[in-house]
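Look at the two complexes coming up: chain A is in both, with chain B in one and chain C in the other.
Let's turn to the complex of A and B:
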C-alpha cells in the first residue's frame, strides 16, 4: 500500500542525473578538509577547486552529448526537477562562469589577508545551487536552492570584513535579499492556497509543481472569466517581484550600485553574471511554464519594467566615475535588454537562444573586465576611480587590450560578440512586435557608448593632469591569468564573426 | 464558533506583527513577535495541524525568540527615535490596506470559494512529515544541509577577528 507508492517516488530519485552538482558538493567539503589536515597543500586549493569544476563540466558535457537527441524534458525526483537541453546548457554556463570567479577570486585573495579556503568552498556550493535552481520544477526546490544561493551571497558580499564598504554592502544585500525572499514566499503561499482549494473542480494535486500549477491557472482562467482569479494574480505578481529583486530591474534596482561597489571584485562578477543569468532563466521557466496563461497581465507589466530598466540603467551610469558602480548600472541596462529578449522569447521560438547567446557574450566580456579589475585594483577595491585606469594600455598592454575588447563588446561595437548578441535580441524583439521597448533599447545603446568610451578613453590616453601622481600599483598578470583573459577576449572576438556554435 | 476563533487568532497574529515593525524598543518588538507566534500556532491548531503548532511554539516561540533576546542584550541598542506623524499614518494605512486586500481576496465578490473551505489536515502527524521529507522531498532536504553548512562557515568567516593569523600563506 503506502510503501509501494513510496517506492515509486524514491525510484524516481535518480541521483545520477545530478552527478555534476554532487561532484561540486563533495569537492566543496573536501577542500575544507585539505585546508584543515594538509597545510602544505593550501596553495593548491584554488587549483583543486578549478579541477573540481572542470571535472563536473566534463561529466555534464558528456551527459549533454549523450542526450543531444532528447526532445522535451525529463522529469525526475517525483516532479521536483526537470532536465532539458536548455537547463543543461545553463548548468554548463554556471560551471564555466564559476571557474572564472574562482580564478578572479584567487587573484584577488592573493593580494588580501583574508580567509581563503572558505571563499572557494562558498563558490562551489553556490554554483551547485545555481545549477539545481535552473532545473527546478517545483516551488519548494526553487526556494531551497534560491535560498542557498542567496545565503552564500550574503557571506560573499560581506567577505572583506575589515572593510566598511564590504560590510555595508553585505548588510544592504542581506536586508534586500530577505525582503525579496519574503515577497517570493508570500506569492508562493497565495498560489498554493489558490491552487489546492478542494472546492474548485480543477484543484491541483501538487499545487507547488510548475506543471500542475500551470494546468490549474489555465483552467481557473476559464472558470473565472479569464481575468479575475485575484489570488492567483496576486501570488504571481509577488513571485515575479521576488525574482525581479534578484535580477535588479527597475524599480527593484536600489541595492545594485552599493552592493556592486562594496562587494569584493570576484563576488561582484559572480553577482553580475551568474546571479543575473539564474534570475533570467528562472523568470523564463515561470513565464513559459505555470504563468503562461497569465500572459495578459505579465507581458504589459514586464514591458513597463523593461522600458524603465533600460532608461534608468543607462542614464544612471552616465554620471558615475567609480568603475564598479558603472558595471552595476550598466548591468541594470543589460538586464533591460535581456528582459526584452525574454519577452520576445514568449512569442518567437529562437529568441531564447538569442537570450542565451547574449548571456554568454555578457559573461565573457564581464569576466574579462572584472579579471582586469582584480589586477588593477588596490587592496581596497571598492574605491576604484576611472583615473586609476589612466594609460593602462601603455603600462600593462595585455590588461589594457583585454579591457578594451571587453568594454567594446559590452558597448556593442560591431566586430565584437556583444554587437551580434544585441543585434539578435533586437531582431527577435522586432519579430515579436515589441516596438516600444526596441526604441528605448536603441536609445539606451547609444547612451551606453558614452560611458563605456569614457572608461576606454582613460585606459588608452594619458591624462596630463594625473602625470604628477604616483603611478598606481598594478599587478602584472601571471600565466594562468593571461591564459584565462586570452580565452575570454579571444572568444569575444571569435563569437563576433562566427556564431555557428549556436543552433539558431 | 470556528470562524470567530479564526478571526480572533488572526488578529492576535497580525496586530503584534504590526507592532514588531513599529515599536521603538527592540525588546518590545521581540515580545510582540512572541505573541504573534503564539497566535500563529493557534491558527495551526484550528487547521488541525498539531505537529506544526507544536513546532511553531517549540522552535520559534522558544528558541528563536530567545536567540533574538540574546542578540538584543549583546548589542544593547538604544530606543529608536519617534517616527514622524506622516510615517506613522503611512504605516497604519499600509497595514490596513494589507488586511483589507487579504479579506477582499478571500471574501470579495470575485474571489473563489475560499471562505467555505473546510479545514483539512494534510500533515497533522509528524509521521506524514517524515515520510514526505525523506522520500519525495529528499533532494531539497539534502540541499538544506548544504545551506546550513555555508551559513555556519559564513558566520565564522564574517565574525572572525583576525583572519590573517591563520589564513595559510598570507
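Let's turn to the complex of A and C:
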C-alpha cells in the first residue's frame, strides 16, 4: 500500500512541467558564480539575466501552445501543484514583468554604488517563487513559496543600506510581512485542525489540499454544517487577511506609502505589479476553490473592503506630492477595482479574463512610469517630488511621452488600454449586480483624475516658480531603455484599440 | 429660365446618386479616413522632430481639409440617395470584443447623425485654418492636439457603436483640457482643473448609464441599432433610473441648467479654436446622445423626467439669459449665451414630438455654426482691441469696417433672425411647444428671444459704436481670419435659405428612429417641412 501510493506520487512528479522555474533557479545560482569567477563579465549580468528570463518565457510559451487544448487542471506532485491555462498565463505575466524589473534595476544600479549581482539573483528567485505560488494547490506549497517571495522582498526593499528611507521601509515591510505571514499561518493551522476533525462530516484525508479542503467546507450533515463552523470561518478570514496584507487593501494598506517610497524604484515596481498580481490570483484561487462554500461570508466582507479601498486609495492620493507615494496610493485604488473584478468573477464567468486584462494594462502602464522614474530620479530615489518632472516633455520628449501615455492609461483615458480594462471590469460588475462598488469606483475614477492630471500637468508645463532652481539631472535613456519603453507604451496604445489578443 | 437650374440640380443629384451606389467601397474608406487622417497627421507631427514651420502647417491643413471635404461629399451623396433616414456608408470592423460583447468599430451615418457630422467637418475646417494662422506659441503641439480633437469629433458623430461613440468623445475631450491649461487666458490652470473634473464626472455618469442600458436591454450588440432591435416593441424596467443617469450625465456635458457652471468660464478661457470646436461641435455630443440613444430607447423614462426637464430647460433659457445680459467680458458673454441656447434644444426635446426633436437638431447645428463664428470673431476683436472687456472697447466700427459687417451678422444669426439657420430651429421648437400639452411654455420661451436680442445688440453697440477707445494697431480683419468666418457664415446662410438641406434627412431620420412611439404632430401649414 505504502509503496503503491509512493509510486503514484512519483509518477506525478513531472519536473518538466516546472522547467521555466528550474531555468530561473539555475541561472540565479549561475550568476552568483559568474560574479565570483569571471569578474570581467559583471557588466553583462543584467543582459544575462534578461536572456535567462526570455529563455524561460520561450519554454513556457511553448508549453502553453502545446497545452492549448487542455481543459481543467492538471494535478502534479501528488496534489501540491495544479497547472491550468490561467496559471500558465500568470506565470508568463510574472516572467515578462520580471524582465521589466531587471531592466529598471540595471538603470537604477548604474547610478548607485551597491552590489549588483545579488539584486538580479533575488529578482530571479522571487520570480520563480511567484510562478510556483500561482500554481499551488496545497497550503504547504503556498506558504513556502509565499515565504520565499516575502523574504526576498525583505532584502530587496532594504537594498540601499546607506539610505535611511530604504532601511526604514525595510523594517516596516519586515514587521508587516512577518505579521501577515503569521496571520496566514494561524489561519492555515485552524483550517487544518477543523478539517482533520473526524467528528465532522467528510473529514479530509489531506486537510491542506485545496480540493479536499473545499469538499470538507462544503459538506454538512444533520448535526454539523462545516461552512458555518466557527473554526473554519475564523481560519478562512485569517488566511484572507494574510493575503490582503500582500495586496494592500484597506485596512491592511498602512505599510504601502512608506515602503513604496523608501524601496528602490525597481523594487517598488516589483511590489506594485508582480506582488499585487500574485496576491489577486491567490485570492481568486482560494475564493473560487476551497472557500467557495463560504461565499455568503466572504462576498459581503470583501465588498466592504473594496468600497473602503476605492475611497481610501483615491482620497489619500490627493494630497501626495511625492510621486512614489502617489503610485502607492493609486495602487491601492487600483487594487479596489481589481477586487471588484474579482468579486464579479465569482458570478460572471468571463470576468476573470477582464481582471487579467486589467492586470496586464496596469503592469504595462506601471512599468512605463517606473522606468521613467528610474531615469528621472537622483541618487536618492526616495525623494522624488512632482516638481522634478517639471517640463519633462520638453527636456526629454521620449521620457515625457512615455510618462504621459502610461499615466493616461492608469487614469483610464481613452484611447489607452487602461480605459478598456476599466470598462470591461465595469461591465462585469454590472452583470454581477455589484452596483454599490461600481458607484464608488466611478466616483474614484473622477477623483483619480485630479492627482494623475497634477503629475501630467507638471510634466507638460513649465512652472515659472521653479525657473530659478537648477534643473534636475535627468539621465537620457539609452537604446535598450528606449526599446523597452517603446514596447510598453506602444502596447498600451494598441491594446486600447484592439483587444483580440485576449479570448473574450 | 427656371427650368435650367432645376435641370442642373437634377443632373447633379443623379450623378451623386449613382456615386452613392457605385462607389460604396470608396465611401467606406472616406468614412475611415475622415477619422484616421487627422490622427495620422497628429502622430506624424508628434514623432517627426523638428520640421520647418511651413511643413507643419501643411500637414495640419491636410488633416483638417480632408475630414471637412469628405463630410461635405458624404453629405451630398446622402442627400441625393433615397435612404429614408436609415444608415449609409456602414463600416464594420472587429476589434476583438465582438463575440462576447458585440462591440465592433461600427461607423455609419443616419439622418440624425449626418447634420452633426457635416457640422463637425465644417467647424473643424474653420477652426483648423484659424488655428494654423493664429501664430500661437508651441504651434506644433497646439496643432497636434487640435488634430486629435478633430479626429475624435469626426468619430463621435459617425459611430453607431455606443462604446466607440463614447470613446471618440473622450478622445476629443482630453485635448480640450490640455489646451485650456497651456494656452488659456488668465486663471487657466484653475479653470482647466475644474473643467476636467466636472466633465469627467459627467462622462463617468454617462458611461454608467450606457453600460446599464446595455446590460438591461440584453442586447447582443453594444450599438444604437443593436439596442433598438433588442427592444423592438417591448419596454423594460428601470427606465426612469436609466434615463435619469443619462440625462444627468449627458446634461453635465451639454451644460444643462444646474450643471452648467463649468461652461462660461471654460469657453472664455480657452483659446479660440478650442472654444469653437468645443462649444460648436463637441458639446452637442450630450444632446445628440439623448436624441439617438436615450429618447428612442427609454420613452417611459423620458415621460417621467419630462416635467423636471422643463424647469431645467427654462432655467437655462431665463436664468442664464439674465446672467448673460449682465456680462461685461465679450467672451464670457458668448460662453453664457451658448449655455442659454441649449435651453431651446432641451425644450424641443421636452415637447417630444417629431417637430420638436427635429427642430432641436436643426437648432443645434445652427447654434454650432453660429457660436463657432462668434468665438472666432470675438477672438479677432480681442486681438485688435487688446481686451475682451466691453466697457473698454468702443467705436471699432469705423476702424474695422469688414469686422463690423461680420460680427453683427453673426450675432443676428445667433439671435435667430430669419434668413439664418437658427431661425428655423427656434421656429420649429416654438411650434412644437405650442402643440405640446403645456402651450404656456411658449410664451416664456419667447422671452428668450428678447433676452438674446438685448445682449446681442448691446454687445454690437458697445464694441463697434460709440466713442472710439484705445488703439487698433493691426487694422481690420485679415484674409486668413476672414475666410474661416465666411465659410461658417455661408453655411448659416445657405441653411437659412434652404432649410430642407438639414430638415429632410433629419425628418426621415427622426421618423425612422422613433417608430410610432413619439406622437407625430402635424405642423401648421408653412414652409417648414419637418413632417411628411
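Basically, the second predicted complex is superposed on the first by the 494 of 504 C-alpha atoms of A that agree within 3 Å, B and C clash if a C-alpha of one lies under 4 Å from a C-alpha of the other, contacts with A are read in each partner's own complex, and residues count from 1 in each chain.
The rule is short, and it goes like this: a contact is a pair of C-beta atoms (placed from the backbone, for glycine too) under 8 Å apart; a residue touches a chain by one contact, two chains touch by 3 or more.
What you are looking at is a predicted structure, and each value in this text was computed from that prediction instead of being measured.
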Ask   = Of the partners chain B and chain C, which touch A:230 in the superposed model: first, second, both, neither?
value = first
Query = Is A:449 touching the first partner chain B, the second partner chain C, both, or neither of them?
reply = second
Message = If we overlay the two complexes on their shared chain A, which of chain B and chain C does A:326 touch? Say first, second, both or neither.
response = neither
Chain B versus chain C as contact partner of A:461, first or second or both or neither = second
Message = So in the superposed three-chain picture, is A:438 touching just chain B, just chain C, both, or none of them (first/second/both/neither)?
response = second
Query = With the two structures laid over each other on chain A, which partner does A:129 touch: chain B (first), chain C (second), both, or neither?
reply = first
Inquiry  = So in the superposed three-chain picture, is A:117 touching just chain B, just chain C, both, or none of them (first/second/both/neither)?
reply    = first
Message = Under the stated touch criterion, name the partner, chain B or chain C, that contacts more residues in chain A.
response = B
Key: On chain A, positions contacted by chain B and by chain C   = none
Remark   = chain A contacts chain C in the complex at 350, 401, 408, 413-415, 419, 423, 426-427, 430-431, 438-439, 442-443, 445-446, 449-450, 453, 457, 460-461, 497-502, 504
Key: In the complex with chain B, residue positions of chain A that touch it   = 2, 6, 9-10, 13, 18, 25, 28-29, 32, 35, 39, 42-43, 77-78, 80-81, 113-118, 121-122, 125-126, 128-129, 132, 140-141, 144-145, 147-148, 151-152, 154-155, 158-159, 161, 170, 190, 193-194, 197-200, 220, 224, 228-231, 234
Ask   = Which residues of chain B touch chain A in the complex?
value = 101, 104-106, 108, 110-114, 116-118, 120, 131, 135-140, 143-144, 146-147, 149-151, 153-154, 156-160, 163-164, 167-170
Task = Over in the complex, which chain C residues touch chain A? Could you list them?
result = 46, 94-97, 99-101, 163, 166-168, 170-171, 174, 177-178, 181-182, 189, 192-193, 196-197, 200-201, 204-205, 207-208, 211-212, 214-215
